[in-house]
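Presented sequentially are two complexes of subunit A, the first with subunit B as partner and the second with subunit C.
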Partner chain A sequence: MRKQFKKIIQLTTLSSLLVLTACGGNEPAGDQDAQTEGGAVKADIGVVSYISGPGAAYGEAITNGLKLAQEEINSNGEVEINLVVEDSAGKQDQALTAAQKLMNSENVTAIIGPTLSTEMNVVGPEADINGVPIMGTSTTAEGIPQIGEYVFRNSLPEALAIPAAIDKAMEKYDAKKVAILYGNDDVFTKSGFDTMKAAAEEKGLEILTIETFQKGQSDYNAQLTKIKGLNPDLILASALYNEGAVIMGQARKMGIDVPFVGGNGFNSPEVINIAGDAANGLIVATPWYGEKDDQKVQDFVTKYEEEYGKKPDQFAAQAYDALYIMAEALKNAGEADRDAVRDALAEIQGFNGILGEFSFDEEGDVVMEPTVLVIEGGAFKVFE
Partner chain B sequence: MLAELINPYYLQVASFVLINIILGISIYITLSTGQLSLASAGFMGIGAYTSALLTLNFDLPIIVGVLAGTLMAGLFGVIIGIPTLRLKGVYLAIVTLGFGEVIRVIFVNWESLTKGAVGLSGIPHMGREILKTLKGFGFDPQVLGLQNNQFIFMTIFLLLLFITIGIIQFFRRQNSSRVGRAFAAIKLDEQAAESMGINITYYKVLAFAQGALVAGFAGTLFAHVLAYISPADFAYHRAVEILIFAVFGGSEVIWGPVFGALFLTVMPEVLRFISEYRYMIYGLVIIIMMAVRPQGLIDVNIINWIKTKVGKRGQKHGTSNTKNL
Partner chain C sequence: MLIEQLINGITLGSIYAIVALGFTLVFGVLGIINMAHGEIFMFGAFIGVVVTASFQGPLWLAFLAAIAVTAVMGYLLERFALRPLRSKQGVSHLAPLISTIGVSIFLENLSHHLFGAGNHPFRASFAEISFQIGSITVYLVQIVIFVISILLMYSLSFWLGKTKAGKALRATAENLETASLLGVDVKRTITMTVIIASAMGGIAGILVGMAFNSVTPQMGLSIGLKGLAIIILGGMGNVKGAMVGGLILGLAETFIVVYGDSGYKDAIAFAAIIIILLIRPQGLFGQKISA
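Let's look at the complex of A and B:
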């Protein structure tokens, strides 16, 4: 019996050793090249991104935006950034191991990412404990920068975007009564709904009804019939664009012609492709407006189109700005030291990027003016 | 030297390997009576949520949460096991898959308790809590020449390693006991087993409950290692992933799912250098496996072959050694 047990222990230690060696091979290399050489601050920046799996389009846009920014920054010569990109496959455990690898094996100075707020909820506390500055470029849920001192984001949180959109819509349409519709089985749409409800209550709007739907649902007639009967002035919809576009299509067919106010996930040119004319009247607040009359924005759009053959979306734009913010912090810190970079990041005020003027508040959250857009005649226009 | 070897990244991967091994064992137990249950993700969720909610809302120590979560999952295993026993094969698989989905939908909709799809964050972290307790006694990881985070992952890894060894050993022992023989008999032929006087209802519920207990246990560990859970973690993807551990590694012997979990968790990490293509390779490996070795990589023959190559020593002394796997 004892022998047998000993054997098992041997086997398990052997297998665990195997695990350890199998993961090995990479020598920690960060310290030597993370030094100042003749003015240029050299730094390794880790990226945790969703580049395989169903949401890979987000990760692709983000890494494209980052790579474009990296080329420009490096050719500028003040800061030299080396990107180390790791895939998270949209899973928390994968995001965590990827971040561990970046922090401990690659010794990166800072991390950009991960893509999803759920991933950030797992990775953020770990980075904070290890003292590695981490900046989300697409994490819009409540409470992300509040995780810790080292956690930042430059993505416009729903808490800023949704109230801005509701405000403008209320002004224009003199809205008093609203109906809310949201997807309750998705983190993104659920937290968007929480923000919507709080904003509507705060602004004294009368909430006629709250309806829910599930991911992948295709028939929304039950919810919409009820909403139609209540005759709201506005419909607040926290949906991702694929469900949202279908909802708008069915609503217009039913004769509901009031404007829709959407969250960040609803904000995509795809809505127009899917819903066509029915998409007219969708109001969203966004940090990114590609048609903006600004040299920087237009340069970025042309370069991005040349390089990747499509128009940049908000994820690419936010990632692009994020790396510039990181570069600015590195330049101000003067060295690739994690604590120095964190302090420099926290001090960023009035940074002028393609998203407009950007500052961090004392918690590391975003301070900026979102642009409110509306779909009119099959295109996004600034909502006046 | 020691401090350099202990890289939290490797330890993190190893911890996930160990949790997945425990999950693999949970499905192996039910499979060893010939029942295909896909409820492991649901039981895992019950364990994780029970433990997370108890430790979050009542400030209970993690160990209490873990025990309660495990028992809760086991209880559900018994409740679900009794009625579903009438079903066999694919019908059982469908019902258990449905059960897992029901559990997930409950987590999504019971918003006052579970915060819905947003999930629970800030769950006490196993390693950090241990470190905090030890620091309370005046212990400092610097004594061992370790950083705080190295020590945290080291304790998690060692703890999980001992737990996993304990579980494997328990089920190896059980397999060569009366219970294990009864499981094997039921798997081969239910009617024959019943006519030999085996109470199949009892043993099938036992296997089902054991599987649920182990899956729930793995769920509690998952919650306290990740410190964040959401209903999407326990969707049917997870159930299929767990099933693949057993299918890939083989479900005849306990080492099958153990190896499956080890291999399939480590592979995506090793393949990180090809980033977005790594899951293609993952899929490819599984397809090739199914074509070449449908019974799974490790079966009784392989174990015996390894024994003749390596373990002459055991055969000289023991008598039971060849049969008890």
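Let's look at the complex of A and C:
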């Protein structure tokens, strides 16, 4: 009943929302010809991102990362990229409309985005049919690059990240029994949960209970009290950081002090901002570690902080690397042609970005080593 | 564990009840479902966050500021979204509903711009005060929420039933024209009702912020819909019904997690409402309307 009513309301408001959001978030497309003109390869890259709505923080980080990379790439002079940003508002229909608008524009060579795996599931096939290379920078669910030849991603899939984190946590804490908690109304957290459950079963962990919650919920006491009564060694939580941080806050408050293992969406410095000390003991596997002793990484962090006043999260970092990968492909292709760029993307191997050494496998999926981190004393540290 | 869950359920239920009281007050007088109530509630919570976190103000100041801001919002809502529709001939009775939906979308996006998309923690030392009874931890906030909801219910009942202003309000609810012929300042009564209902939403917002330590621009919608379900369950426009309905929904949601599957939390809670309504279509405390 609630869902239906919500739907009715959403439908009645959708049209007005669409009108409202359609006005914002556009950047004028460059009027120059997207062709090679004296050395630099010029190209318009479309961006579909989650800029307004509940997950606007992801879109913000992603577009910030892209813009930073764009500045650097353009000042290098080999490739000149113009970004055409569209808002998807986290909605499949809007993501599709935005992507179609970009694909129908002759100038757009490739698309970066959309933000959510759910959005990619509708946008990906469309891009593949139209022969427009598309690269997700934050789409970590199963099966994304398998959509088609033109679909890529540079975001570490949950299927690699979660088992790595569980492995390390099991070793360190000698864990036998776990409780699982996940958001059941989001494809991303649901897919994270499937991966967690499969990994836990495979490693012979006893699953005491599986609890769920919904987006935007603020009271998790009922689920947590139940989990507390069962005394798990670890809590596996597939949650986005907004909900995840509140869950940890409430858990620590009621005296649950076992470590949490989270998925990709849980991995954000925001968890520490929101939950404070309660965030200690969160274990995540990540492609991105901002404290890494690497000149490239440190330069990026400093520049990003100067520009936007906060530390970059993995979404910013992945977007940053994605545009560099795109630029590399454009350079290798030598022209802003959609098919040529696709082929050049598929050939990228051993690309050295701020996330580490990166390659595409034959399906356009990620090949790289995740780093396992833990929050200790209010900061992410390498988990050993 | 059982008693802890009972406390969880009562806390949640009391919050639902306070939100539903604001709904029921506006519905009882104006016959309007105020869809912006959830968003006003959310603003109350944000004002609490701003006062305690950004300005390091004391908690009582946060309460006062939230009440003041949400009361002003209530006034603006009445003045600009409801009153223009009331004075015009031939306006559909659904128009105020739609206009409050518009206000709710506006407020949600406004809070996005003002406060940002993320979750804001509510750091009040008051929220950390707890005591131990046996193996059970009880937070003072949980008791305060329950007490405030009961107090609000009784003062509302008293106000509506025993005071002159309350009588004027009920007369307005009965019939706008007649009440105004009998010398009731209808305009003032309606404005006051919306303001009081909004201020109650603001109080509920701060309480939720303290209890769950989570404030987001999206929190209004889901709690608004639950408030709506509760006043239907308790009987439209009925103060006691809102209280009991809130507690029933809060406890039902909590105990489904305890004994069943948390995935069915909302489904079973709302299924229970449908069943109750099949047996008592007027709601638990509602009067039968004879045609």
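The working rule: the second predicted complex is superposed on the first by the 350 of 384 C-alpha atoms of A that agree within 3 Å, B and C clash if a C-alpha of one lies under 4 Å from a C-alpha of the other, contacts with A are read in each partner's own complex, and residues count from 1 in each chain.
Methods note: contacts are C-beta pairs under 8 Å (C-beta built on N, C-alpha and C of every residue); 3 or more make two chains touch, one makes a residue touch a chain.
Please read these numbers as outputs of a predicted model, since none were measured by experiment.
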Touched partner set for A:141, first subunit B, second subunit C, both or neither: first
First, second, both or neither for A:226, with subunit B first and subunit C second: second
Touching partner for A:184 - first (subunit B), second (subunit C), both, neither: both
Partner chain in contact with A:246 - subunit B first, subunit C second, else both or neither: second
Which superposed partner A:56 touches (first subunit B, second subunit C, both, neither): both
Which superposed partner A:130 touches (first subunit B, second subunit C, both, neither): first
Partner chain(s) touched by A:97 [first = subunit B, second = subunit C, both, neither]: first
Touching partner for A:275 - first (subunit B), second (subunit C), both, neither: second
Touched partner set for A:217, first subunit B, second subunit C, both or neither: second
Shared subunit A contacts, counted only where both subunit B and subunit C touch the same residue: 3, 5, 9, 12, 16, 20, 52-53, 56, 184
Sites on subunit A touched by subunit C in the complex: 1-3, 5-6, 9, 12-13, 16-17, 20, 52-57, 60, 184, 211-223, 225-226, 228-229, 242-243, 245-246, 249-250, 253-255, 270, 273-276
Subunit A residues touching subunit B - in the complex, by the definition given at the top: 3-5, 7-9, 12, 15-16, 18-20, 22-24, 51-53, 56, 85-87, 89, 92-94, 96-98, 100-101, 103-105, 118, 121-122, 125, 129-130, 141, 143, 184-187, 189-191, 194
In the complex with subunit A, residue positions of subunit B that touch it: 7-10, 12-14, 16-17, 105, 108-109, 111, 116-119, 121, 125, 128, 148-149, 157, 161, 164-165, 168-169, 172, 226-228, 230-233, 262, 266, 268-270, 272, 275-279, 311, 313-314, 317-318, 321
Touch list for subunit C against partner subunit A, complex: 1, 4-5, 8-9, 11-12, 35, 98, 101-102, 105, 109, 112, 116-121, 123, 137, 139, 208, 211-219, 221-222, 225-226, 228-229, 253-254, 257-258, 261-263, 265-266, 270-271, 273-274
